[in-house]
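The two complexes that follow have chain A in common; it is paired with chain B in the first and with chain C in the second.
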Partner chain A sequence: METIIKNTITDKLIAGFTASKNTLFGDGILREQAMESFSKLGVPGRKSEEYKYVNMEQALKGDLAAASPKPISEGQLNSLKVIGNAIVLVIINGRFSAEHTKFNNNIKGLQVMDIAEASGNAVFQKHYAKYADINSDPFVALNTAMATGGVFMHVEKGTVIERPVHIIHISSSSESMIIHPRNLIVLEENAQATVIESFVTVDASAKVFSNALTELFIDASAILQHYKIQEENENGYLVNTTQALQKKQSVFSTNNFTLSGSLVRNNLNIVLDDEQIETHLNGLYLTKGNQSVDNHTLVDHRKPNCNSNELYKGIIEEKSTATFNGKIYVRKDAQKTNAFQSNKNILLSDDGTINTKPQLEIYADDVKCSHGTSTGKLDEDKIFYLRARGLSEASAKKLLMHAFASEVVEHIKIDELRDYVEAKITARFA
Partner chain B sequence: MANEILEEHINSDYKYGFVSDFESDSAPKGLNEDIVRFISKKKNEPEWMLEYRLKAFAYWKTLEEPTWAHVSYKKPDFQDIIYYSAPKQQKKLNSLDEVDPELLKTFEKLGISLEEQKRLSGVESRIAVDAVIDSVSVKTTFKETLSEKGIIFCSFSDAVQEHPDLIRKYMGSVVPHTDNFYAALNAAVFSDGSFCYIPKGVRCPMELSTYFRINASGTGQFERTLLIADEGAYVSYLEGCTAPMRDENQLHAAVVEIIAHKNGEVKYSTVQNWYPGDKEGKGGIFNFVTKRGICLGDNSKISWTQVETGSAVTWKYPSVILKGDNSVGEFYSVAVTNNYQQADTGTKMMHLGKNTRSTIISKGISAGFSNNSYRGLVRVAKGASNARNFSQCDSLLMGDKCGAHTFPYIEIKDKSAVIEHEATTSKIGEDQLFYCKSRGIDNEKAIGLIVNGYCKEVLNQLPMEFAVEAQKLLAVSLEGSVG
Partner chain C sequence: MLSIKNLHASIDGKEILKGINLEIKAGEVHAIMGPNGSGKSTLSSVLAGREEYEVTEGSVTFNGKDLLELAPEDRAREGVFLAFQYPVEIPGVSNINFLKTAINEIRAYRGETPMEAKDFLAMVKEKQKLVELDGKLANRSVNEGFSGGEKKRNEIFQMAMLQPKLAILDETDSGLDIDALRIVAGGVNKLKTKENATVVITHYQRLLDYIVPDFVHILYNGKIVRSGGKELALELEEKGYDFIKAEIGA
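Presenting the complex of A and B:
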């Protein structure tokens, strides 16, 4: 029975590709190869080790139309802007919106365009689809085959972009649909940039399944600060793959905040492909209702003398499910690696579930690697301490949860963004 | 003492690698329904036992070999294995004098002298031994002494004949024949093993022990152990294993089931020293074992301690189902892999009852070209309030060709659970080595010292006799692994 459902879903997606492939941008051969790989991999079922805690078949069931453009008002867009001086790039239903993107490429060394129109660009050709492997994951394959648009951003050698770049992914539809936004961000040597990706739903009254993929290339000595704010509504289903490749002495920090959405699956893969690289991964997930949030991270240490540091925290309420699956992979050559990973969870309800699987796979001997995970309730002693000082039980708990989340929030370096997330958390526990 | 260890270093490749020369009674190679019937007939089993075997065999045929473990090996050809091999015996034995002298010599070489045990029977500290060679139990010592207390300790086949009610009640209740590929295979073709029942309120006065030995060539060993501690009973059980050095890979697929009733306690210790293959990774035992215990009653406790130094490939997860309220599960493990050995081992703690506690301490050491993985599951079911787990998995790497991996799974469905897991991977510190060497301790001995210190938490859990053996074994297994 399970295989029948699975096959129908896979077939449905393949049919969707056949119907629309002539309208899609770029390399047709690559798309065909990706689709072939997808048809081999299929939609992962519950028996799939990588997707065992998240029901993808359920999420992809039913009719899912291809994305259609939908206009949104300037007022709606303004409410989504968080940072005053940011360069705002808008993607609606998987397509780059030239209408709403006011940026006119007037900053030296920075180039931004619709990925669907970048085919002729040499930098695009050099990096597109080179890092996210179509044979490794069905959603990467599906996105590579079906991508309709997104942002291509190129920061030239030595350029420091002071203004943060804010990419807003908007899903908006009155009928069920599936969308495939695709971004490529390239930082050349010594370049510096800050990129915020946010995922929101506007006027969505039906299911929107978003299969978003972002490829990041961070060349030698470049510094990239990356943030993801995921706050889709109860109709939002999001599979968000982030594939990063780092070169010598580069610094990459990524901070992932999952605040809402019916189902969120994050695949974050970082390859440390040279020496003296620094990588920071932080994540916070606050789940409630029937939400399901699944964070998969892979840090692949390929060369010696690199550091990585990972911290993921979650608060689970009501009937929601949270999954953390983090892997640190240290290859034979990657001597003198320091890799740390920590996952902490608070479970507030008896109907909630936490699945956590922190993994170490290590093939080099001169390394320092550790991981730790803990799951529990709020500390009774701490609650007592606060109550003894006159706080009510409710406000004591609120304070403690806020403090728990703050450890991740304080990694945000942009004040406006930090205030925004803080306010969301405060509202959540109010 | 130091000299002895040194000497052992020099002489010790795998000292249990001899083959004993006694006639054995074997089934033809291959596996089909007739072989299952042959084994059953050979053991003179009742009809229900044969039915159980055939049911398991039919189910096994529908299964495929699991591939999820982090190991790679050439799949055994299940039609190229002898499923039954027994040292030939003419008649039932009453005293040790009637045992084949060649057999006794084998046990002496293994360091478990049955005769000596007999002679020392008056002495306080002693161990009752059930020796299993090529899947058949050859002799159980101290049977009479134990039976005075009402303790049943005998071979599995004897138990089928003499205590069918207990076997029918408990066999397959913890590891059903549908559990996994190798458990199904074992249920179909198991040839013998040990059975132990401790009655209500009895504290077993001595350590019980099974010694497993694969001897004949081309055979697989499939034994079953069933341990039952009734209300308030206590037993400490030891298991040891060795095999001759052969170029071929031999399969060992055992099943161990433990049942602890209310206030019962079982402590199960293993020193696993199957032949690990030679330095090029040729030969060695495939050790695919299903071990599981259930804390059925309130306040019961099951504790697994294992020292894994042998086998070419190990695939083993001693687990505890914590069903009774306030029950306790423990898992202490040291796994050492050298040369081309591969180990994928760990535990499962299933918290079902209220106020259940579990502790997992796992120490992995990999050297040479080996791969050593910890894979464990801690599951807290809905309603299992106040569950507590602490896990610690440390890995030590010696050399840059080996791998150490940690795959913990944690699944929690109850808000009052408190679960902690931590893992580290590192190598022996240069400063630690320097400290020892500056005090005149040579390299090899310093490593032995550091490794033993690293494993101390686990070794402390072993009964005295085993702890000494385990310490030496650790030193021997890692010999020459750091240059």
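Presenting the complex of A and C:
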């Protein structure tokens, strides 16, 4: 029975590709290969080790139309802007919106364009689909086959982009739909940039399944600050793959905030492909209702003398489910690696579920690696202490949840963005 | 102000307090002394409203109200303050923010408007001087990374901010060196008025050199076995707790 359902869903997606492939940008051969890989891998079922805690078959069942464009108003867009001086790039239903993107490429050393228009660009050709492996994951394969648009961003050697780049992914539909936004961000040697990716639903009155993929190439000594703010509504289903490759002495900090959405699966894969690389991964997920949030992270230490530091925290309410799976590979060559990982959860209800699995695979012998995980309720002694000073039990809990979250929030280096996330958390626990 | 009558309390089915009687009036300082395990900390926990303790008999009246009926926060709002023996560290919650929330919730309970930010900050400045608390500590997370002495000073700082009617100092002297002890005691003395009362719970007489009590009570095996003036503490210091044990034939 399971096989039949699975085949049906996979077949449906293959049929979607066959119907639309002639309209898609770029390399047709790559797309065919990706689809072939997808048809082999198929939609992962509950027996799949990598996807056992998120019900992808459920999320993908039923009719899912191919993405169609949908206009949104300037007013709606303005309400999604968070940072005053940001370069705002808009993707609606997997397509780059030239209409809403006001940036006119007037910053030296920075090129930004619709990825669907980038096929002739040499930098694009050098990097596109080189890091996210179509044979490793069905959603990478599916996105590579089906991608309709997104952002291609290129920061030239030695260029420091002061203004944050805010990529807003909008899902908007009144009928069930599947979309495949695709981004490629390339930082050349010594370049610096800050990129915020936000994921929102606007006028989404039916299920929108977004299979979004961003590839990041961070060349030697480049510094990339990366944020993901995920706040789709209950019709939002999001599989969000971030595939990063770091070169020598580069610094990559990525901070993921999952604030809402029916289902969110993050695949964050970072390859440390040279020496003296620094990597920071922080995540916060606040789940409630029947929400399911699954963070899979992979830090792949391939060369010596690199540092990675990972902190993921979650507050789980009501019947929601949160999953954290953190893999760290330290390969044989990667001596003198420092790799740390911590996952902490607060479970506020008896009906909520947290699955946490740290996975360290270490093949080098001179390394410092550690991982820790904890799941608990709010500390009664702390609640009592605050109540003994006159705070109501509700205020005391609110303050403690805020404090728990702040350990992640304080990693946000942009004041406006930090205030925005703070306000969301405050509203959530009000 | 506080009237404790025949108070019995237990934890996990084990009776710790076995009939406490105590009357405290405004303007008084009472010391409750006793050996380890006599029930000193249980008494302070029961008064502050810790839920693990079950009151099985007796009553506690605070300014005419049944204290035992009130939630911990309402006891604080009525004017009871407990300086903890072991103040907890609360990373991520700033001392100042939490005190501001506390003060405004207390004011709301009393039907008063929230305090102006300017007045609040002026008060913080004034009160932290009282216990020589570094301004940096006041702005840090509650007790996080504080030394033992800093934690106790922070308790008295909070007491100064909240201006309670009844302050219960639970083993505030434990773990303090002589300088910290002097600062903490000095703070308590400066906060003393005719309208408020202080209960000092301690194992040792040492603190009472600095906070001079009007009354001393000896707690032993869940009961107050002797009460007297400040000279009782000196007698106890001289003879040790064994003399009480011998006297009551324990």
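Everything below uses one rule, namely that the second predicted complex is superposed on the first by the 430 of 430 C-alpha atoms of A that agree within 3 Å, B and C clash if a C-alpha of one lies under 4 Å from a C-alpha of the other, contacts with A are read in each partner's own complex, and residues count from 1 in each chain.
Following the convention adopted for this analysis, a residue touches a chain if its C-beta (ideal position, glycine included) is under 8 Å from a C-beta of that chain, and two chains touch if they have at least 3 such contacts.
Predicted model, so just to flag it, every value in this text is computed and none were measured.
When both complexes are superposed on chain A, chain B and chain C fit side by side without a clash. Contact with chain B, but none with chain C, is seen for A:H371 once the two complexes are overlaid on the shared chain.
By the touch criterion defined above, A:K382 reaches chain C but does not reach chain B. When both complexes are overlaid on chain A, the residue A:A403 reaches chain C alone and has no touch with chain B. Contacts of A:T426 after superposition on the shared chain: neither chain B nor chain C is touched. Residue contacts after overlaying the shared chain place A:S119 against neither chain B nor chain C.
Once chain A of one complex is fitted onto chain A of the other, the partner contacts of A:L391 are limited to chain C, with no touch recorded for chain B. Of the two partners chain B and chain C, more chain A residues are in touch with B.
Seen from the C-alpha centre of chain A, the directions to the centres of chain B and chain C diverge by 70°, a value given as a multiple of 10 for the model superposed on chain A.
Once both complexes are placed on a shared chain A, the shortest Cα to Cα gap between chain B and chain C comes to 15 Å. Residue ranges of chain A in contact with chain B, taken from their complex: 49, 332, 335, 345, 347-377. Here chain A touches chain C in the complex through residues 379, 381-382, 384-393, 395, 399-400, 402-404, 406-407, going by the rule given at the top. Contact residues of chain C toward chain A in the complex are 48-51, 71-73, 75-77, 81-82, 84, 87-88, 90-93, 97-99, 101-103, 105-106, 109, 141-142, 158, 162. Only residues 68, 382-383, 395, 397-427 of chain B touch chain A when the two sit together in their complex.
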